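Lettered A, B, C, D and E in written order, each chain numbered from 1.
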Amino acid sequence: MKIGVFVCHCGSNIEATVDTAAVAAAAREFPGVVFATDTMYTCSEPGQDEIVEAIKEHNLGGVVVASCTPRMHEQTFRRTVERAGLNKYLFEMANIREHVSWIGKDREANTNKSVDLVRMATEKLMRNRALHPKKFTINKRVLVIGGGVAGIQAALDCADGGLEVVLVEKTTTIGGKMAKLDKTFPTVDCSSCILGPRMVDVAQHPNITLYAYAEIEEINGYVGNFEIKVKKKATYVDWKNCTGCGICMDKCPSKKARDTFNEEIGFTKAINIPFPQAIPKKAKIDPEFCTMLKKGKCGVCAKVCPSGCIDYEMKDEFVTEKVGAIVTATGFDLFDWTVYGEYGGGRYPDVITSLQYERMLSASGPTGGHIKRPSDGKEPKNVVFIQCVGSRDKSVGRPYCTGFCCMYTAKQAILTKDHLPLSQSYVFYMDIRATGKLYDEFTRRAMEEYDTNYIRGRVSMIYPKGDKLLVRGADTLMGTQVEVDADLVVLAVGAEASAGASGLAEKLRISYDSYGFYMEGHPKLKPVETNTAGVYLAGACQGPKDIPSSVAQGSAAASKVLGLFSKDQLESDPQVSMVDIKRCIGCGKCIQTCPFGAIKEIDFRGMAKADVIETICQGCGICTSTCPQGAIQLQHATDNQILSEVNALCQF
Amino acid sequence: MKFQKELKDSIRKALPELDVVIGWCGSFDPLHATPHFIRREEDIEKLEIGPLSVHNLATYLPGLRGKKVGIVVKGCDSRSVIELLQEKLIARDDITIFGFPCTGVVDQAKIKKALGYVGNVESCDMSDKSVVIVAAGKAHSLELSDVLADKCHSCRYPDAIISDIFVGDKSGEAVPAPADYEALATFENLSLPDRFGFWLKELDRCIRCYACRSACPLCVCRDHCAAESREPHWLSQENNVRDKLMFQVIHAYHLAGRCTECGECQRACPVDIPVLMLKQKMNKEIRDIFKYEAGVDPEETPPLLSFKMEEENITEKDW
Amino acid sequence: MPVLEGKELRIVGFLCNWCSYGGADTAGVGRFKQPTDLRIIKVPCSGRIDPLFVVKALMNGADGVLVSGCHPRDCHYAEGNFYARRRLEIMHKFLPILGYEPGRFEYTWVSASEGQRWQQVVTSFTEQIHKLGPAPKILGPEASDTLGLMQAAL
Amino acid sequence: MKVININSSYNSDFVKQVEEESGQKLNLCYQCGKCTAGCPYTDEYDISVSQIMRLAQAGQKEKVLQANSLWLCATCESCTARCPNEIDVARIMDVLRHMARREGHGGTGRVKTFWDSFLSSVKSNGRVFEVGLLVNYISHTGRFWTDIGLGPKVLPKGKIHFKPTEMQGKKEVAKIFMRFKEESAK
Amino acid sequence: MNTSLNYAYYPGCSSTGTSIEYDMSSRAVCAALDIKLTDVPDWNCCGSTPAHTVDHSLSSALSARNLDQVSSMGLDSCITPCPSCLANLKTASHRMEDKAFRDKVNNLLEKPANTNISTKSVLQILVEDYGIENIRKRVVKPLNGLVVGAYYGCILNRPPHLMQFDDREHPMAMDNIMEALGATVVPFPLKVECCGASFGIPRKDVVMRLSGKLLDTAEAIGAQALVTACPLCQMNLDMRQNQINHANGSHHNMPIFYFTQLLGLALGLTEKELGMNKLCVSPRTLLDAMANGENLKEKAA
């Protein structure tokens, strides 16, 4: 094989600490290398053209590019060599940027290391073979997990694009966190006026199947052909016939059920519809509080239901859906602030979360839109907002900035003044992060027009003093400790990954960061893709996001799905295992260890042999390292390819 | 041997249903036995079992796949049969296992070492305690226990663990003591450089004949052994210690969780390299980490072909 | 090109493409300074790593071998690292019988987001290998030949 | 107010020394002020604890070591317990005090004198002898009215003894102090 | 019931003086509960705050000597009533895990010290080793009608990684004990606020302000008394209560008990054994009223 080597300067990113010309010169001495050069930006158009020309001029059979990580540009260069008529697998990359030039400044050592990496790449390349993908047909349905604003957007965009959508929502209604909000920043327009119609669209869209109060039990298959097992949790109400009239809820005598929609400001009934605009508007029994389910006595709801849909015997149900792509929009949870003992740890009723305050502000909320202290129902005069509760705090394991608390706190301060003109709001903050369009103007308005008192410092302690709360903080600009007598304290609690995020990630086979947020394919270039083909991300499951960003990602994920489904057939990755039928002795160890059931036993002239189902094989290579005689080889990562890399590095 | 006749009778009874029965018979001199393939009734008489029945006949089973095979096994051999069954390389229905209570087999190397060259062996008389060899008209007497194979001294399974027909009286339940690996422990007292030097010195003798592999009942790859293939190309064909040692590591690793320590590899080695020790080391670690012993239960899964989400006995490095 | 005399030792890393290779990228993007000894071989999954690769590298002259995959339960292929853990652990325990220090070979888990952890792993593993010094080498006949030639030339 | 030149006034040795002796990294502090917010002694401080952290970060050695606040910190650990960046602030205050002592600073004096009296009581008796400690303190400060009012209340309770309790190993304890003095002199 | 509770006991300097009643009641309570205490032989002062403000190795050397004394008793766990002593003992054994530091400290000592000793407070072993439920079973004279607040002070559970006891912001150990003894416990919001510590002599004004705030708050929430577990806290609140009233113009007359005193009372021990007469603010009225079963709440009102 005639090999060409291109060593990239990446501007000064590589050249500054690697002598690229020396690397190219060393490469020229390697067996097989007939052409080697250093280039300014190999990924640029002239850089790529140079590769194409060199392939033609030197009749190259394979190309090595030493530049950035293959996670960045492997696809780019594979297309380049393809343009020049080479099979795209006759290409290798040496990562001399992320793994060399960026991690140390010793130019001699870096150059030396780069030469090694290029040698490794050429040795491997010499053992590469042209690989050809297989085509397979796909199921053009899409699963959207999570019915918050990101999931709703993704579902509607896909459905409008003509795809059949299965939307699975964990709670009994879609709407997510946004449905709980009173107003949105920086426009202070009504949250439910924006979201409500979109929720109705979901309910009415002919292409959308909605499973509310359901969870993902199992995911099998691969891009184009996933098989999803959905658990429909028991609601004890036959939703086919429930009209959402709400009589059951009115009459239910169990009045102390947990009201999660209202963030537990007050209680709801054991049988309930979370809020009037719920989609679907169906009742559900909370078995923890239903006397009928607990003690077998009561049965009021069954008596009063006009359509007779109460079913105390209902069990969880499982349905299987086949789809070709998945959009994950599982959102976020609020940080459990009660770990802050210094803020009372939940012992003081008048210390509440920002989302609880939001429900209090909402006209459809439990207080009818009136701001009242939970302890005594009085209107507060001094309201203290504390920012960064569970954000930017290593000591509670949340060192990241949630990013939208500054904005909603400014909004809540403005709304407080609107509701209670005689009130005074105080905001303890560390830095104000208002980096969106019209965002900074908005926080300025809270200060300038609404006289919100911004105090730069964290709060160390809250404790009751009479019927007030004493908030003791710092004003670092004044350089001292300050105290505020507060009637109500609102904590701007940060966002964290939703509780089930890691479990779902394991089912989806996608990765997540140490906080449980899902990892995107590339932080800049693949913001909604994951490393698992056919699985996309939307909204805050990838990291805390405000509404506009979540919606944008919902649409982006939908466009990725529509793009994927624009072809009738997909090409399977040819980096799969292959059995050398002569060498196989039919022991079945590969079949035993394959996690995907991608290897089956076949009969070959009366002898048992292994056979790989190419479209199922995911290319992990567990079989290859299991087979003692090396009869099953993962293409593009064969024993010989890896051994050649080892040998290139370790020469006795 | 007392039950030799009983064994012959049982084989005679079973032979019509079988293509072949594998046992042992006399060889070039009275001190050696050789594997014996019984296909016809008249072959049965030549069958001999006793301290000279050293070969692990299970080695032949995968090659006779599809045939109806009878096999005479010592306790240790039966573990190899179990291992082959577990890996589905032989079908239980196709084989008929004849077991007998083994009292140990000799190690020819020890006899050779004790006697030196003695000329043509004329007769060999084995009792429970002693071995009397007459060679070149002269009688040599040895204590049997001095010339028994090492594995017999710590044998925990003298009776076949699995058998269809068992002749003679079982010598009792398996001894539930773990293999003690005394020699291994002694070796591990050496410093690391000494160990390294030891293997380089030992393997320097290796003539790459692969008798160790051919004798191994679990080297089921046969003609497709990684040692001599170019695809994958693990080893060169050069005469260097590196590749010779590498092969021994490959052998040991491929046997991890499978090897029953029958010792055939080491017995077969013409230049007496202690290759069994590497497998024993592997087995010891497998036993310590996974509480697993190969060749006792055909329904088990070898530890390297399975896993647990939480591994009780693996402590990962803390960085 | 030989290893920088006296400065570097030969350390080979086998890294899973989905996690640790990305973690090493993340460390690079973050400009987390690391020793230069390590050379990384990318594999699709830690389950792809035949422990014999480790032995091969050592016998061919590597001074240290590092394997890094996805954290248990986070395998892109669901189970690869579980198999890898068993197999690598066995090899880790086995190597001393050959005369290799146990610390010459380590395996660990680093995710794509853990750039800092990667930096720490590389740094401490490299330190560990430098503390052990060069691994014992098997000088084949070709090496002694070369040595002889060189001596003759001198 | 004095204008500070950030480059020329930065004492890198000081920063390094504080970090080494305290085992804490000063740059972890992002000046949220939570330590100051919870510090019960802020009322008495001339420089608040978060500002001491900032000054230390900025390498302002003289200003930090001359701060009276160092002698008014009672090591109540509020700052350490609540720091979002898990900095052991109280330990940094301790270390700054050690450095201040070495440089001959002692704040406005009374607290340091009391501590010194306390230790000299330990040094000579092995244990604290409360009356002796008080006498020693008064003789150093001239504040003879100190707690005189407590006498009638406490004396009848049998809580105050006019002789130290006997400790056999008090020489051993004294030697600890001597060796410490020798070590520090090195 | 665990019958084999056996500890080395480090009384600390104040136990011979200003907090003699803490020492008396701790010993009496442990005896009553069959907890065996053996005094650490020839113990020395831990150096308290002053030592660690001078140097960490000096402070640790003083404690290391004490820990070594414990080790010479053949015991591996030691308890002390005083949180300040506890903090120093714990800091010493924790920091001496570091070799360089250990060498430095050993250098100051006669002989290298064994500091691998687990140290706990009397409060901690009563809660964790003996158990509140077991205490509840031993109550013979419940403290019915007594309304009490629990004040822990600043270093009983801080820094949390070192002290490893109870909640750092909202400890409950003493609240739970008092509840088990039959008292009515009012949640005291300033449980871990500093009382002014050792500033009583050099900066009395600071103690007047900080301890004054504690007493004001205790009164505001309706507590008739506070319980403490720290000699310094108790001294500031009790012995200096008059000074505080004088300085702040307040009129507090609030008994400040050691929790061991009230625990002893409920276990049926005599006031004398528990050193009730040593308290500066007399608990007489309160104790009499409780003994007579009077409705204390009404009386307080």
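A few points about this structure:
The definition used in the following text is that contacts are C-beta pairs under 8 Å (C-beta built on N, C-alpha and C of every residue); 3 or more make two chains touch, one makes a residue touch a chain.
Only a predicted model underlies this, so the values are computations on that prediction, with no experimental measurement involved.
Among the remaining chains, those touching chain C and also chain D are A. Using the contact threshold fixed earlier, the set of chains in contact with both chain C and chain E is A. Distance from chain C peaks, on a Cα-centroid basis, for E. Remark: among chain pairs A-B and D-E, D-E carries the greater number of C-beta contacts. Averaging C-alpha coordinates per chain and comparing to chain D, the farthest chain turns out to be B. If you average the Cα atoms of chain B and of chain D, the two centres end up 76 Å apart.
For this pair, chain A with chain C, the centres built from the Cα atoms lie 32 Å apart. In this assembly, the C-alpha centroid of chain A lies 50 Å from the C-alpha centroid of chain D. A separation of 36 Å divides the Cα centre of chain B from that of chain C. Residue positions of chain B touching 2 or more other chains, listed in rising order: 234, 242. The set of chain C residues that touch two or more partner chains comprises 56, 60, 73, 79, 83, 87, 138, 140, 142.
Touching two or more other chains at once are residues 168-169 of chain E.
Pairs of chains in mutual contact: A-B, A-C, A-D, A-E, B-C, D-E. Against chain A, in their complex, chain C makes its touches with residues 1, 3-4, 7-8, 10, 12, 18-19, 21-22, 24-25, 27-29, 31-36, 39-45, 47-50, 53, 56-57, 60-62, 70, 73-80, 83, 87, 111-114, 119, 137-140, 142-143.
Interface residues of chain D, counted against chain A in their complex, comprise 30-39, 42-43, 47-48, 50-51, 78, 82-86.
Interface of chain D with chain E (complex): residues 40-41, 43-44, 72, 74-78, 80-81, 88, 90, 94, 97-98, 101, 110-111, 113-116, 118-119, 122, 126-128, 130, 134, 137, 141, 146-147, 149-150, 153-154, 157-161, 165, 167-170, 172-173, 175-177, 179-180, 183-184. Residue ranges on chain A touching chain E, taken from their complex, read 340-342, 345, 347, 463-466. Contacts from chain B toward chain C in the complex involve residues 184, 187-188, 192-200, 234, 238-242, 245-246, 249-250, 252-253, 256, 277-278, 281-282, 285-286, 288-290, 303-304, 307-309, 311, 314, 316-317, 319.
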